[in-house]
Amino acid sequence: MSTIVRVTVWNEFRHEQENDKVRNLYPQGIHHALASYLEKVGFNMKTATLDQPEHGLTTEVLDQTDVLIWWGHKAHHEVQDEIVARVQQKVLDGMGLIVLHSAHFSKIFKTLMGTTCDLKWREAGEKERLWVVRPGHPIVEGIGEYIEIVKEEMYGEFFDIPQPDELIFVSWFEGGEVFRSGCTYYRGNGRIFYFRPGHETYPTYYHPQVLKVIENACRWAAPVSTTKPTFGNYKPLEPLHRL
Amino acid sequence: MSTIVRVTVWNEFRHEQENDKVRNLYPQGIHHALASYLEKVGFNMKTATLDQPEHGLTTEVLDQTDVLIWWGHKAHHEVQDEIVARVQQKVLDGMGLIVLHSAHFSKIFKTLMGTTCDLKWREAGEKERLWVVRPGHPIVEGIGEYIEIVKEEMYGEFFDIPQPDELIFVSWFEGGEVFRSGCTYYRGNGRIFYFRPGHETYPTYYHPQVLKVIENACRWAAPVSTTKPTFGNYKPLEPLHRL
Amino acid sequence: MSTIVRVTVWNEFRHEQENDKVRNLYPQGIHHALASYLEKVGFNMKTATLDQPEHGLTTEVLDQTDVLIWWGHKAHHEVQDEIVARVQQKVLDGMGLIVLHSAHFSKIFKTLMGTTCDLKWREAGEKERLWVVRPGHPIVEGIGEYIEIVKEEMYGEFFDIPQPDELIFVSWFEGGEVFRSGCTYYRGNGRIFYFRPGHETYPTYYHPQVLKVIENACRWAAPVSTTKPTFGNYKPLEPLHRL
Amino acid sequence: MSTIVRVTVWNEFRHEQENDKVRNLYPQGIHHALASYLEKVGFNMKTATLDQPEHGLTTEVLDQTDVLIWWGHKAHHEVQDEIVARVQQKVLDGMGLIVLHSAHFSKIFKTLMGTTCDLKWREAGEKERLWVVRPGHPIVEGIGEYIEIVKEEMYGEFFDIPQPDELIFVSWFEGGEVFRSGCTYYRGNGRIFYFRPGHETYPTYYHPQVLKVIENACRWAAPVSTTKPTFGNYKPLEPLHRL
């Protein structure tokens, strides 16, 4: 637990290059904004983006990653299935995965959930208030009873996901909707955290409490050195047919 | 609830045609053995097999199916991805799915779970005892504290599945292993039940209590007429920006 | 499943006798309003109130009850511990329990939950919108994507309950809060449903969709005839010390 | 997380004073055996026993306790209700609680669970094998695929507990039974771990892997410094009645 957690931020990195508003907010990309913060609070950081070879997620990079953060929106379909399968296996082997905002529709999240991960949405710059419904969880260390974001995109229920193993946040939206906005899942040896906020046209990833939650999630999702299960044909541990 | 539940049994139907021992046990196939029983207890039955066009799972057949039972073993890879996607969507729309024994490795189950669904196994004709750990659940109506099967294949933990929404049975094996052998999952509007017993070389699908569990599961998994969620862009229900 | 479900509505029945506003809404008591509706939709109804001997919950009454509905608010402390223990045992033996609104603080609910069941509240006649987060569940049969109640008391998170086995509804409140407003729990052989709406000064128990949810919950919570577990000293099923 | 976790081991401490066999195994009591090990691996230890004033669990002691371990068997009824209520509140406020073996029937565990916590049992010195069904969980750090205990008391299903939030271990017993032998629960701000092994007539609390699990559980159950929820009357965060 004393070793430094190695976090890789993966970003689609298209909006920032195509849209002035987004570029102004995140001049070097959302991945860079997140990595800068996380580096300051003690993580060993890497970044990777869609247009790099193998989307920047080579076997070497993943082997040096304890926790992978994923942000994508408009180009989910460009992510190669082979890389998705590679990331999925890494998660099942113990790598943590933090899925942010519009990455609810990423191939990796849909693959790990087994559902459509569809939802309602509205881009109207409205208020979101994320209520903590799981105090005592490491992901909300240092967070108050709720987080308020002045302007965000709305996501509304029904959110087509498996019931979360742990429901951490529920969001209230100005327009009348609610959303399960902080959800954990345990899959194989790995831990997954879906966290809703972060539309690219708002400065959400500069919000201190949003950053604090992501920081906490990175610590929480880091792998524990437990035994990797064995599978396949297995000899009996006790004598058979003795009756 | 008074209408008759329509159940389709899907079977790979290869062992029965290739192996004398299996053919002797299930001369018309595992699907036929299950359908015969289920018809007698009041279901409206269909069967479908791998080698039929579209594996027998045309849109028409699925539209007339409330609950789909799935048995497969040696030819999972021959099931077309397109049909798997069709069945997955049907489950998310509300169709029940009963996954039996070696179908833990079927494409449809792995897709819905998001994990490898791998496990330990041994074919040694040993005793299995399935203990009920969820009394009061409709799936164990009429079942005692445990079910005993004199000879079965062993499946052992770790079983790489998401933690079940409801754990119904845990198996004890003569050789020293345990297994989560009855597991429910809720996905979208649909219900899934994984039930372990049923290796093709044993007469497990003539065991009265095994059949009773499958019967109960078919009733439990039948769709409830609830509202199908809507997704996508959504207008506010309350006035925005009024502050 | 074809037999008629026997439901007993328990009501504290004090507000209706002491407060004109409440009496005007529920002249014969909340229990009577609920029982009238439920009788019409096919249940076999009984009522019981705090000031009856044994609070109307004699062993005889409970033995003839499949599902017990509980409404209480200002006199929780007057309910005798002995009756609470009796009801708890009945639930563990398979009786369904529907806990309404302010009964979150009833002795029976707190006893079954093991937590304080505390929450935030505000009586300001504001709008509540209950979003369905579990489509496909029998409790929301015939219910749309949400239920709107024009005026209700607010309950806000954190609601100090165990994580629900199934989260069915999440409420949005005009004043900025959210609440897990429909929660199921499985305890022993019994099923419990907590349903938030129903402050005594509003006509909530005449709202067609609120009534429909309670009706659905009564069907869902009715006991299944499964084996009652045995406890205590137990002889081995397999020979010991054979190694 | 860098501060030393303060653990208090509570023991009934009667068997050790009344029974030679137990005294020979645990000359200074089970609490002392556990505390000795835990001190060596870095915890700040205290012990407390039934016959001390306030059972050794004064407000002062509990205020200095991050994690409380509980072992009891024959004198559960002698624990005062007032102390049980005090411990329960501490758990809801964030203190960790490790419940061992026969403490399944302790007042504190039954109070926190809301069920009878009853089970089957047999004292026959048989083999127990605890299988890990949740690899990747901090509680199984350093543990292999299973733990074997040569001689233990048998506990069998049905174990009348709420479905665990996380099921970590499932036990296989020589005599043919299974048991959910490692279960976590989140209640309020606190974490609870029930761990089955530890009958007083066997040297179970010298078993290196049993001790390792308890050590891991103490680290896992230590409180996280999150916000304590507020309850009661609450002012609106948004303007009401604006429509």
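Each chain gets a letter, A, B, C and D, in the order it is written, and its residues are counted from 1.
Throughout what follows, a residue touches a chain if its C-beta (ideal position, glycine included) is under 8 Å from a C-beta of that chain, and two chains touch if they have at least 3 such contacts.
If you want to know which protein each chain is, UniProt gives these names: A, B, C, D = Trehalose utilization protein.
Source: prediction; values computed, not measured.
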item	value
B-D compared against A-D, more contacting pairs	A-D
Label of the chain whose CA centroid is most distant from the centroid of chain B (Trehalose utilization protein)	D
Distance from chain D (Trehalose utilization protein) to chain A (Trehalose utilization protein) - Cα centre to Cα centre, in angstrom	32
Distance between the centres, which are taken as Cα means, of chain D (Trehalose utilization protein) and chain B (Trehalose utilization protein), whole angstrom	36
Of all residues in chain B (Trehalose utilization protein), the ones touching two or more other chains	129, 132, 134-135, 145, 156-158, 163, 165-166, 174, 176-177, 186, 188, 229-230, 237-238
Contact footprint of chain B (Trehalose utilization protein) on chain D (Trehalose utilization protein) as seen in their complex	129, 131-135, 145, 156-159, 163, 166-167, 170-173, 176-178, 180, 239, 242-243
In the complex with chain D (Trehalose utilization protein), residue positions of chain A (Trehalose utilization protein) that touch it	1, 94, 129, 132, 134-138, 140-145, 165-166, 174, 186, 188-191, 223-230, 237-238
Contact footprint of chain B (Trehalose utilization protein) on chain A (Trehalose utilization protein) as seen in their complex	88, 92, 111-116, 118-122, 124-126, 154, 156-158, 160, 162-163, 165, 174-177, 185-188, 229-238, 240-241
